[in-house]
Structure formats: C-alpha cells, structure tokens
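Presented sequentially are two complexes of chain A, the first with chain B as partner and the second with chain C.
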Partner chain A sequence: MQDTQIVQAMWGGILFGSVYGLMALGLTLVWGAVRLLNLAHGAIFVVGAYAAYWVVASLHLPILVALPFGVLAAAVFAYLMHLVFIRPVIGKPGFDNATLIATVGISISVSAAALLIFNPEYKVVPPVLSDSTIVAGVQITYQGLLVIGTSLALFAIVHLFLTYTRQGMAIRAVSQQTEAASLMSIPVVQTYGIVIAISGALAGLAGVLLSPFFFLNPQSGFNPMIQALIVTIFGGLGSIRGALVAGFVLGVFESFVEVFYGVSWALPGVFILIIVMLIVRPNGLFGIGEVRRL
Partner chain B sequence: MLEVRGLVAGYAGSEVLHGIDLVVNDGEGVVVLGPNGHGKTTLLRAITGLLPPTAGQVLLNGRDITRWRADIIAAAGVVHIPQGDLLFPEMTVHENLLMGAYHGPTWAERSVRLGRVYELFPWLKERGGQLARSLSGGERRMLALARGLMSKAQILLIDEPSLGLAPLTTQQIYATIQTVKEGGMALLLADENANHVADLADRVYLLETGMLVREGPAQELLNDNALLESYLG
Partner chain C sequence: MSTGAVAPAATARPAIDQAAVPWRRVSLLAVGGTVLAGIVLPWVLVRLDIGDYLVTLLILFFMQAVVAQSWNLIMGYGGIYSFAQVALFAVGGWTTAVLASSLGWNPFIAILFSPVVALVAAVGIGLPTLRLRGVYVVLLTLAFHELAGEFAVTGPRFISGGGYGLTTVPTFQFGNVIGEQRTIYLYYLAMVIFVIASFVIWRVIHSPLGVAVIALRDSETYAVSRGINQFRIRLILFAISAFLTGLAGGYMTHYNGGISTSVFNFSNIIDLLAMIVIGGWGTFGGPILGAAIIIGLDQYLVGIGDYRALFEGLILAVIAVFAPQGLWPLIRKTYDKYLGPEPPAPAVPSEQAAYPAQLPNQRGGG
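Coming up: the complex of A and B.
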C-alpha cells in the first residue's frame, strides 16, 4: 500500500462523497417534507449542467455567469415539475405510484430532450477554477476543492436555514406534523413547492460543478442520482446529518475499493455495504421511520 | 362571530355529521357535549378545514369560510387545538411555540406573544430548549394550548382538553382555558364530561349521533342531571 494510493483514494472519496452528499441532501429534504421519492433528481442535475453549458457555449459567457444560471434553471425546472406532476396528486391515494412513474418519465424525457436539443456528442463544461497542485503525487484540482467546500458550505447553510428562519422552521413543521402545520396557518402545498425548488437548485449546482470532471451527456445525471439514492437510504431517508455522513462514508469506501480492488468492484462493494447496513439498521444511520403525508 | 349552518361531513362515504347548526358569539364559551364517537372531533375538523364538509356553511363574522384551506382558516383567526395535540415532535418547545405564530402579522410580534404565553405557563420558559417529544402527556397538552395561543385567534376550538390526563393536570388545563376566556376569547370546546366545563360554558349543545339534539344556557343544561345522564351515560 503506497502513500500515493491512499492519498488518491482519500481525495477521490472526499470529492465524490461531497457530491453524493450534495445530491442526497436534495433528495432527503424532499423525502422528509413531501414524502416524495424524486427519481427525476438526476434529470434536474442534467438540466442545470446543460443550462450552464448552453450559456458558455452559445452565449460565450464565462462559467461564473453560467453557474448561477444553471442553478436557477434547475430550480425552476424542479418547481414546474412540482406544479404539473406532484401538486395535482397530493393527498390522493395513488400518490406514490403516480409520482414514481411521473419522475421516471421526466428523467427519460429530459434525456431525450437533451439529445434532441444538444445532439449526442459529449460536451465540455469548463471548471470555475482550472489550476491544480500535486500532493504526494496526486493531482488535487482547485475545482475539486471548490466542490468539497461548496458542498460543506451548503450543508451548513441548509442547516442554518432550517433551524433559524421562519420558512425553514415551517419546512420542518410540515415534515413532522403536516396537519398541525396547516393549523398553524402554514401553507403546506406551497411549502412542498419551495422544498422541491431548493432541492432542484442543489442538484443543479452539483450538475454544473461536477460536469467538468466528466464529459456532459444526456445520461450524466443517472450515476450521481443512483449514488445519492444509496447515500440517502444509507444515511436514513429524511435525515440531513445522514446525507452528509453517508455521502463521505460511501464516497471514501467506494474510492478505496476502486483504488485497491479495481473499478469493477466499486459498485458491487457499495451495494454489499448498503445491504449489510440495512440488515443492521433498517432505517439507515439517522432514519426518521414511518411514513405520513397530508 | 362563528356560525355553522346545516353542516354535513364524514369520511369515505359514511356521513358522521347530519346537518349541524351552531353559533358562537363574541367572547362566548360554547361547549359541545357528547359521548365518544358521536362526531365532536369531526365537527371541529369540518369547521377548520381539515375535513372539507359535503354540505352546509361555516361563517366567520358573516363571511363564508366553508371549504377554505385549513391554513387560510387558521390565518383568519379560527384556531383549532386538535385532539392528540399534534405537536412537532422533533422541534423544541420554543420552536413549537414560534410555529404557533407563523402567520405573517403574528410573526412580527412573536416576542410579545411569547411573553404573554410564558405568563400563563411559566414552566415553558425553562423548558424552551427541550424537544416536544420528550414532554409528558400533561405538558404536551399545555404546550398544544400555548402554541394555539401564540396565534392571533378570534376563536379557539379545543378538542377534549382533558383526554388522557390525570385529574390534577385536567384541573390545571381547564383553569388555564378559563383564564384565556376571561381575557375575552371566544371558545368552542368539545368535551364529554359535563363537570369539567361547568365554569367555562355559557351555552351548551348536546351532540348525539351526528346531530345537535339540545341547546341551551349552561346553567340550565349542566344542572339537569337526568338529561345529562340520558345523553352521556
């Protein structure tokens, strides 16, 4: 075992762990408040990334302009998804089935639309920071540090928002006791929309910041979403702390498996870990347990 | 202030309330007495929008609020303290209280309201940082009441304040409600125990199988033991 390999595994693990966490944060927020398993989360990631790509490639504007645009586009897209597909079925008996099918449908549609609008060629989204440094023989990109820092900062911001602001507290109130929330004059369905838009913004940001590490294509959101789903379940559906901890645990675990046993073991390794986890703690690390909805 | 006309409501095809007519005047304490399972909770839920009524009207100061959304009815000042308390379990006592003042205009004066609630329930102040789920049954009931009082209520609808409580706590709860009423608050109380509500009630309705079968001044009805016996058992 060489130092370089260990540093390599740690770096990759922390970098991807922070992105998994960021994606999972959005999923877990939506699950906690709306009890919606948003399988379009990866599609929203892609919407953000392509929106930023479009600003850079077609409008020839710098990535620092494209980044907020991508985030905004993803949030708006998520909110529209709420208006058109989620809101009409809230409180109806078929909510789970309807939203599962709708969100899968949205994912497929977004991929198809991206293919039609932008053609299947892989796109390059420029990084915000392009320099890098070498630590123990491993290339540490500044963009990677930016991703990690942004992700941690967003966890802190979301936590502060939920703890100290009127709107954030209302989101927690809706998550914990929907009926009482409406008796406190909290507009429940509108709150759902806000949570979904916030979650969309987080996915969009992840999309714009992560795309420079790969080439962007219409399926780019799939892997981050699967990882985020695993992280969310591992950390406990609805738990923010769980998303943060599980993101890094899974990211680092996957990265070590990859470095020491080869890439082909990475995903099976993660699945073995989660199966063991679910046997030991069925609700995940910090799960919130039972389901209730408006 | 609050008027209910011909209210019909129920769950999934089974009608529970068969046309309720009821009035609560400004500052009045009205009690709906009835045994368990005869529709007291359904009545309060239908008034405050948790269960949209199938027929009839609910008027607040003459304005039709039937089928308004629950949060809008609450914002209009009809505040429902539900059965089972429905606290926010993973929020602190302090946060639960703040949520009671969520509505915009009330939020702006939340500190003043918090001060008033702490006068009624001094222990809440010391326990502000405690999670609601860690409270005892009586404490929860008081917090639910206090949370309701954080709002700008014109009328409080309280569902069985004594349910599941020890006698001593029950006394405290009713004494507190009495204090609130003396402050001029209109009350609509659903209860099954005539003894509990004797001090609070100005007028009483008797509810039986989803219909109001008797109405009259509290003095008269609550002292008619034969009548109460036949309805409440």
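Coming up: the complex of A and C.
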C-alpha cells in the first residue's frame, strides 16, 4: 500500500512539477528581462488552451495541428498585450502600478471573453497521446510523459537560446544593464516584446498540454498562475535554474502532502513552505541579487 | 502636524508651505454643506417612489467607499500591493457574525470587535510580508485571501455554517423602529462610519506619517536613507487600513443579516480595484468617486450582463496605462476653480521645485 502511494505521489509530483516549471519559466523570463510581474500569465494560458480547443472542436482537426496553433495564438496575444499596454509605460515612473493593474484587467477581460465566446461549460481538450501504462499499480499516461519531456526540453532550449544565440545574448544584456545594452544599439523595447512573446508561447503550450488533465473553463488559468508565481518566488525571481528545481520540489512536496494528508492541505502546505522559505532565504532557492539576472 | 513644526516667527512672518497646512485648501463651507446634505438627503429620498432603494444604494456606496479608500491608502499611497483587502473585510464580517450568532451578542457590541480582529489579522499578515518587495506581497496576500476563503468553507461549523457562510446573523435593531425609519437609521450609521473613515484617512495622508508614506512610494532609496523606517510605516498603514475595512465588513454583515462565502469571489476584488483605478489611484477623493461611479453604473450595466466584466477589465487596463491618475484630477480642477477657498499661492521658487518627482534610476523596484 505504501509503495503504490509513494509511486503515485512521485508521479503526480513530477508531472505537475514540470508543468509548474513550464509556467514559471515564462513568468521568470519576463520578470528577469522586463521587470514585469505578468498577472495576465494565466489569461495567456487560457488563450492558448481555448485556441487549441476551438481548432479541434470547430475545425475538426487533430490535436497535433491544434497544438502549434494554440501556442502561436498565445504568443501573438502576449505580443499584442505588450504593444498596447506595456510599451506605452516602459521607462515611465508608474511602470509597476500601471502594468500590475493592466495585467489584472487583461486577465479579467480574457476570462469574460472566453465566457462569452465559449459558454461556461467545462471543455475537453483531447490529449496528444491517449495511451497509458501501469507501473507499480499507478497509471502512467503517455501524455504525462510527453508533458515532462517537453518541459525539460524547453528548459534546455531556453537555456541554450539565452546562452548562445545573438537574440538570447541581447535579452540577457537588456536584463542585466538596460542602459548599456541600448548604447550597444540593442533595440531594448523590441527585445522586451520578444521576451513577452516567448513567455506567452510557453504559457500557451502549458495550456494546451495541461488541459487534458483538468477540464478547461474560463477561470482555469488562475491556479496554474498562482502555482507558477509560487514556484518563481521559491526558485528565485528571474532565475531559470531556480524555476526548474523549484517546480519539481514544490510539485513533489504538494503531491506528497496531498497523498498523505489529504487534498485540502495541499495549498496551505505549499504556502507554509513558501513563507518559511522567504524567512530563511528571502531571495529564493537560487536567489540572484539585483545585478545579475537570467 | 502642529504649528510647532513651523519656525517661530521672528521679525517677518515666514510663509508656510501649502503642503504643511492642507486644511487651508479645504473649504469648511463645502464640507459642511456636503455633510448637511448627507443628513437631509434620506428624508427627501424616502418621499420618492423608489426612495427606499436609493437609500440602500447610498448605504452600499458608503461601505464600498470605505473599503476602497482604505485599500487605496495602502496600495495607492503606500505602494503595498496587497490583495488581502477583501479577506480582511471578510475577517471583520465573520468576527461580528460569530459573536452575534453563536454567542448571542448585541450587534452594536459585536461590531466593535470586527475592526480589532481585522487589525490583528493584518498585523499577522504584515509581519512576515511587509519587509518583502512588491511581488512577494502580491503573492502572500493572495495566498491569505485563498486560505481565508478555503477556511471559511471547510472550517468548523460555527464559522463555515456548513459551507455557505453564516446566514442567520441578527441585524441591527433600533428599538421597535421598522420600515423607512429603520432604513434611515441604518443610513446614518453607515454615514457615520464613512465620515469617520474618510476623516481618519484624510488625516493620515496629511500627517507626518502620510508624508513619509508618499516619500517611500516616490523614492524608496532616498526616503530610507533619510531615516524613514519603511517596515514600521508600512505596518502602521496596513493596520489602519485593515481596521477601517474590518469595520465596514462588520457593518455589512449585520446589514445583510449574514455573510456568505461568496465575498471571497474574485469579482469583489476586481470591483474595488476598478473603483480605485477609475476614480484616481493614490488620490484622496478618487476611491470615493470611483465607488459612486461603479455603484451608479452597476444599475445600468445589469442589462449587459456578461459583458460587464469584459468592459471592466478593459477599462481598468486602459486607464492604468493611459490615465494613471484616473478621473479625480478633473474633479479637483473644477473644485479649485469654483469652490476652493482661495487660489493656491503662487509656487514659492525654491530649490525643492527643482527636484525631479522621481529619481531617474527608479526602474521597477518591485
């Protein structure tokens, strides 16, 4: 009995940990480069998921076509958000206030729009892989393995992108020293846009891949966003490695609490962990100071 | 801020800076007239057909304005991105509800405990969070909101009432008064709370504490280096805000005769945020104006139903980005033009005017 429970907790923890990591990766990228706390991240997640759902349900196309469509829709949405609401306040004194409220406003509007376009009923987005296998009495879905693999691969890709490509180096330069970067003729505002679009694509991907596990409704972006926020802070704001490690740590922790103490303790447990963490290490697991980011 | 702060008059009377005597910019006539109008208004309104309804709307307005104002005090003035305001409102509401319904206390006695418990809760949240930067405050206060909402549903029966909240809380009774008369008394009670809250907030903003708060918001580094204890100031501000919010929560509970777990709905946070942003972020009158606008518009927006949230979100985003001061400056200008006691003295050419409002390297900061 214990073995099954432990395997169950491990599997759930790794699966959700990888998804939290995927969401947190987008948040941490935007925070690191743009210094923007994107509270519309959950809304972008919902945009991606509904776009994919629409392709599957209305156009009757397979999920493999819908997946890139959802990701693209999320990225375009994030970029538009940048153009309309973020760009005008870049470098202005009220940047924090304005973007905080604007992103909250956008996420309300997106849920409301989703409610109007697609009714409040729960939608089912089909999984990319629908088979499963049994390991030690626990059902392991291939979709879950796909999510874990994708998440790990994306962390690697983003890391390589930031380290070795020109664009990636530009992003890191902007995040570390905006003035110097702009003096080296790096288009700062455009770089912000690219980072926000990448982050949007990651959120959209998470939305499409995760929706088969939970059903999709207009509010379903909220919890993943809160979890991603927790992961981001736990791992250290702006730290990619932190997001990866913290995603798994928190996912496994939450899963074990759920299996051994009951579901209602999961969220309080995570919050207690994060409060302890903030007291012990205020900058998070891989806390990086103000100077060096990404 | 006493006159003792001003240098003793030697030969020539020193010119007092306008900012040091804020009450000089307030016309007693205008304030007194407004209060008088507020006292007379319900007696006039109840003569109308829908008067009773209008009076209840005004009660709602008073309470929402109290909560919006106290949220604005910490968020607009203090720059503390707390999302715990609705939860603190609920704490106030639940305190008095439990005291009145489980222990059978008189609502007028029980309500006195709701601001106190809300204040204690705020200090409890504030101690671990307010030392941290903005982003952490957002997360931890949201966490408090979620946990409080969770507890209100799953907590012990005398709190959760079986998952729906407490539905049989005694209401305010004024002797044997019923009907219109009772509505008017309720109105006066709400108005007293509103006036007290507004005065306290106005006073806080124009006290040394308020000046320190604004200094911290505008340039944290400079303010801290001038010896302002950021954590202490923030904690005091948070406590004041929670105190007033808890009082409003207590009133609404006895007014409605119950408190349901739906207070934790996210739309309540959004409505309050809309009031602050539309009215005027970080201005004294903004939240009051915003509360009036939102509650007034609500009566017309019932028809558009689901589109309401869509527009509300878009308006929030647009105003936050393109008109961060909201609508308040407009009102302020009109007031200064027609009702202000005297045109503000020509700005004293001092080196203070030469300082930029914001240090140039204030980017982000959290």
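Everything that follows uses one rule, which is that the second predicted complex is superposed on the first by the 289 of 294 C-alpha atoms of A that agree within 3 Å, B and C clash if a C-alpha of one lies under 4 Å from a C-alpha of the other, contacts with A are read in each partner's own complex, and residues count from 1 in each chain.
Throughout what follows, a residue touches a chain if its C-beta (ideal position, glycine included) is under 8 Å from a C-beta of that chain, and two chains touch if they have at least 3 such contacts.
Predicted, not measured: the structure shown is a model, and the values here were computed from it.
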A:65 touches, of chain B and chain C: first, second, both or neither? neither
Partner chain in contact with A:173 - chain B first, chain C second, else both or neither: first
Which superposed partner A:160 touches (first chain B, second chain C, both, neither): neither
Touching partner for A:83 - first (chain B), second (chain C), both, neither: neither
Chain B versus chain C as contact partner of A:188, first or second or both or neither: first
Dominant contact partner of chain A by residue count, chain C or chain B: C
Of all residues in chain A, those that touch chain C in their complex: 31, 35, 37, 39, 84-85, 88-89, 91, 93-113, 115-116, 178, 222, 226, 229-230, 233, 237, 264, 267-268, 271, 274-275, 278-279, 282
Complex contact set, residues of chain A against chain B: 166, 169-170, 172-173, 176-177, 179-188
Residues on chain C engaged by chain A in the complex (per definition of touch): 79, 81, 128, 131-132, 134-136, 138-140, 142-143, 146-147, 150, 154, 266, 270, 273, 277, 281, 306-310, 312-318, 320-322, 324, 357-358, 362-366
Contacting residues of chain B [partner chain A, same complex]: 48-50, 69-72, 74-75, 79-80, 82, 86-91, 95, 98-100, 102-103, 107, 147, 151
